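The structures considered in this document are given below.
One chain, subunit A, appears in both complexes that follow, with subunit B as partner in the first and subunit C in the second.
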Partner chain A sequence: MGNTDGQFYTIEGLAAALIMLLTAYLVVNATSVYTAGDTHISDMQLEALGTDALTVMDTNQSRYTMSPLRNIITNGTAADNQTFGTMFGNLINNRTNYGMDHIQYSASYSYRDGTDVKQTFLRASRNLSGGEHAVRATKWVFVNKQLGSIPVEDRAVLVEVLMWRD
Partner chain B sequence: MTDENGALSIDFLAGFTIFILAFIWVVSMIPGIMIGLQSYTIDYDAVAYRTGVILVEDPGWPVSPPWESFNDLQKANVTRFGLAVSKDTPNTLSQDKVKRFFNLSTPADPTVGFIYPDDYHTRAIFGDYPYGFNISLVDLGGQNESVGDILPNGTGYIRRVVKIKGPSNTTIGDAKYSKYPSFYNKTDDDINQTTTHVFSILIDNPKLMDEVKDPAYQIDPAREQITINITDIRSTITNNITAGIDNTTSNITLIDVKVYKKEGGLYSNVPLPASEFPYINSSSARLAAMPAINVENVTLKMSSYYFDLMKAQDSQIYIALGFNVSKGVVPQNSTFLNNTQALPDFYNMDGKLTFENPNTIPFNYNYEAENVTQPYLRDAVLEVAVWSGVG
Partner chain C sequence: MGFLVSFSFFFLALVINQSTVVGQTTAESVIEFPKNDIRDTRSVMISSTNLSITNPANFNDVRDDIKKISLNRKSAVVSYSDPYTGIDTRQHMYIYYNNGVTEFYENWTSL
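Here is the complex of A and B:
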C-alpha cells in the first residue's frame, strides 16, 4: 500500500477550479451587464431632453411675442398650467418614429418671498409615488408679476421639472 | 510511527497557493472585463450625444460663407455640419442649413446633394470606426427629414428638442399696390410715362444688423436666403388706348436685374451671377438668361453665398429690376410698377443720381411686419442613433 503523505493528489480540484474560472470568464464576457453606474447615460439623455424642452418653451417664437413659458407663469391660470402640460408633454414625448414616448413629468416653479422660498405647482402628467427614478431639469425664467408678498416687478423664478420613464 | 503533529500539509499549501494566485488574477481582470463589456454601448451613446451637440449647438464650418451655401461642386470645402443659426443660439436651427443637410444624393445622380454615409460620417459623426447611424428630424410645423439606415436593436441614442428659424420673405402684390398706389407706381402720370420701368429694393444691412442683435430673429442676408416675390404685376399697368396698352394683353418684359452696393458713400455695380437669376412665373428653375418675356410675377431668392461674397454686412444693397411693357415687341410709353427714377437711364445707371433723388423710394426689406414676413421659430425634434456599422 502506497504512502499518500506529501502527494499532490488535488489535480481534480485544480482542474475544477480552472474550469469554474473559465466558465465565469466566458459568461461574464458574453453578457452585457447593466451596472448601476450605467444609469447615468439614460439619466443624462432624459435631463438633456428636459433642459431642451424648457429652453425651447422659453424661446420667443418671434420678436413680437413673449415666450410660452414666460406667458404661462405670468398669467398663472389653470388653463395656462394645462397649456404647460400639453406643450411640455408634446416636446419631450415627440419622436421621429415609433409613435410617442412615455416620459412622465411633474413641474413646479419656486421663487424667493422675503427670506422664504416658495413653490408653485404647475402641472404633472402623473403623481410622484416616490418609487420613480426621476431626474431633474431646471430653467431660470424672467417674469414680471406679483409673487407672494412682493409687488409686481421683474423677477426670476426657477422652473423645476422632475422626469421619469414609465 | 511518524509523528504528524505540527506538520503543514503540502496539499493545503499547494491548494492555498493556487487559490490565492487565481483570486489575484480574477480580481485584477474584473475591471478590464467590465470595460470591455460596456465600451461599445457607452461609445455609441457618447458618439450619438456628440453628434447631437454638434448639429444642434454649432453652426458648422465654414461660417463665412456659410457651409450650406456651397453647391455640390464646392461641397468638399464643408468640413463640419452644424445646424444652429449661430454659436450664440444653441437649439435654434437654420432652415437653410436643415434643408441642405438633408439634401441627399441618389444612386441615379450622386453628384447632387451629400452622399450617405461618407459625407455625413466625416462631417457629423467623426472617428475612424465605421459607425452605422440615422439622423432624423420631425419638424412639428412641416415635414419629416431623415438620413441613414433603418435602426437595429441596441443603438446609442440622443433626442434633442429644437426650434427652426424660418427665413424672412416678402410678397409685393395687389394688397400693397392698392394700399400705396403712389409708392409702387411713380409713373402713374401721363407726363412721366416711360418705356422703361425700374422697381428697386433696398437691403439696408447696417440697419438690419443694428436694429436686431439676436441672430435668432435677425434678418441677415449673408447668413440666410431672402425671398422677394413680386406678384400681380400686370395689375399695375394703367390702360392707354392710344398706345395700345392694356393690363390684360400687353407683354411685360423683365429686361435685367442690377445690383448696386453702397459703401463709404460710393456706389458700385455688383454683377448678378446666373445662379442668382430670378424665378419667373412660379417656375421651379431659375431664369437661364435675361431678358425674360411675358412676365407675370418675379421671385428673387438671394442666396447667403452671394451676399457673403459681397462683404456687404456694412453696406446698403440696392436691387433694381428693369421692365418694359409692349403691345407687340416694341416697348410703349406706359405706366407700370415703378418706384425708381433711373438716371441717366436703366442701362447706364448712376447709383448716386438714381438712389439719392426724391423720385426714388425703394421698397425697404426691413423689420416692419407690414413690409416683410419676419423670421419665425417653430418646434422640431432631432434624433441621432448610432450603432456598429461593421458586418
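Here is the complex of A and C:
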C-alpha cells in the first residue's frame, strides 16, 4: 500500500536538524570575552622595555669605565639611588612624540648573605600600594663591594624593577 | 543536500568556539618562555669565568650567588661547571637552566 521512500528524507531532515542544534549550542557556548589585556601583549611590551633600559644602564660607556648601574650599586649612596631613578625613569618614559610617558617603577636589588637572600631598596617613582598591575624586569649585575659578611670582592646581584602604568 | 551543508555549519561553529581558548593559550606560552632570563643568566655566568683563573674562591662565591638568587627570586634551578681548557685551547663550560617549564643546556665554548 505505501512504500518507505519518504523515511529516508525524514531521517536526513532529523539528522540535519540535530546537527544544527549542536551548532547553535556551540555558538552560544563560546561567549567568553577576549579583551586586549588577556593576550598579555601589553605586559610583555612593558617587560621588554624595562629589560632594555636595565641593559642600557649596565653597559660600559668606554673600555675603562664601569657601567652606570654597577657604579650605582657599588657606591650605594643616596645620590646614586637618585641617579638610578632619573636615568631609568627617563629611559622608559621617553617617547618619540613630545611629552613623557607615565610608567611608574619601584627598584631594588637582591644579594646573597650566607644562605639567605636579602633585598636592598634602590628607588621608586611612587610608593607601591599593592593595587598596581605590575610586571617585573630583572638584570644581573656584577658589583665589587661587601655584601653581608663576605669582605669586599666581586659579587653578582639581581636588580629587580617593578613597572606599571598609571 | 541540507544534511551535507549542516556539516559545514557545525565545523565553522566548532572553529569559532575553540578560537578563544587557542588564542589565549598560544599568547600565554609565548609570554612565558624565559628568553630574557636565560640570556641574562648565561651572560653573567660567562662574565664570571675570568674569576675562575684570577681568584677561584671569588668564583665560587659568585657561583653560589647566582645559584641561590636564581632559585630564590626567579624560581629557576641553575648551575654551571668550572671552566676548563679543552684540547682546542678554548675555554669550555657547561651551563644548565631549568625554571620548571623550560630547560636549557649548553656546552659553552669561548672564541
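By definition in this document, the second predicted complex is superposed on the first by the 128 of 166 C-alpha atoms of A that agree within 3 Å, B and C clash if a C-alpha of one lies under 4 Å from a C-alpha of the other, contacts with A are read in each partner's own complex, and residues count from 1 in each chain.
Just so it is clear, contacts are C-beta pairs under 8 Å (C-beta built on N, C-alpha and C of every residue); 3 or more make two chains touch, one makes a residue touch a chain.
Quick caveat: nothing in here was measured; it's all calculated off a predicted structure.
Asker: On the A-aligned overlay, A:M163 touches which partner chain: subunit B = first, subunit C = second, or both, or neither?
Answerer: A:M163 contacts neither subunit B nor subunit C.
Asker: Of the two partner chains, subunit B (first) and subunit C (second), which one does A:L91 touch, if any: first, second, both, or neither?
Answerer: Only subunit B is touched by A:L91; subunit C is not.
Asker: What is the contact status of A:I41 with respect to subunit B (first) and subunit C (second): first, second, both, or neither?
Answerer: A:I41 sits against subunit B and subunit C alike.
Asker: May I ask you to decide whether A:I73 touches subunit B, subunit C, both, or neither, giving the answer as first, second, both or neither?
Answerer: Once the two structures are laid over each other on A, A:I73 reaches no partner at all.
Asker: Scan A:L49 for contacts with subunit B and subunit C and give back first, second, both or neither.
Answerer: Once the two structures are laid over each other on A, A:L49 reaches subunit B alone.
Asker: With both complexes superposed on chain A, which partner does A:V135 reach: first (subunit B), second (subunit C), both or neither?
Answerer: In the superposed model, A:V135 contacts neither subunit B nor subunit C.
Asker: If you stack the two complexes on chain A, which partner ends up touching A:G13: first (subunit B), second (subunit C), both, or neither?
Answerer: both
Asker: If we overlay the two complexes on their shared chain A, which of subunit B and subunit C does A:V117 touch? Say first, second, both or neither.
Answerer: second
Asker: For subunit A, what residues appear in both contact lists, the one with subunit B and the one with subunit C?
Answerer: 13, 24, 29, 32, 38, 41, 44, 48
Asker: Could you list, by residue number, the parts of subunit A that touch subunit C in their complex?
Answerer: Interface residues on subunit A, with respect to subunit C: 12-13, 15-16, 19-20, 22-24, 26-27, 29-30, 32, 34, 38-41, 43-44, 47-48, 51, 110-112, 115, 117, 138-140, 142, 150, 153-158, 160.
Asker: Contact residues on subunit C for subunit A in the complex?
Answerer: 2-3, 5-7, 9-10, 12-14, 16-20, 23-24, 27-28, 30-31, 36-37, 40-41, 43-44, 47-48, 51, 55, 58, 61-62, 64-66, 68-69, 72-74
Asker: Over in the complex, which subunit A residues touch subunit B? Could you list them?
Answerer: Its residues touching subunit B are 5-10, 13-14, 17-18, 21, 24-25, 28-29, 31-33, 35, 38, 41, 44-45, 48-49, 52-53, 55-56, 59-64, 90-92, 94-97.
Asker: Would you mind writing out the residues of subunit B in touch with subunit A in their complex?
Answerer: Within the complex, subunit B touches subunit A at residues 2, 10-11, 14-15, 18-19, 22, 26, 29, 33-34, 36-38, 41-42, 45, 49, 52, 90-92, 136-138, 140, 144, 146, 151, 157-163, 212, 214, 216-217, 367, 369, 374-379, 381, 383.
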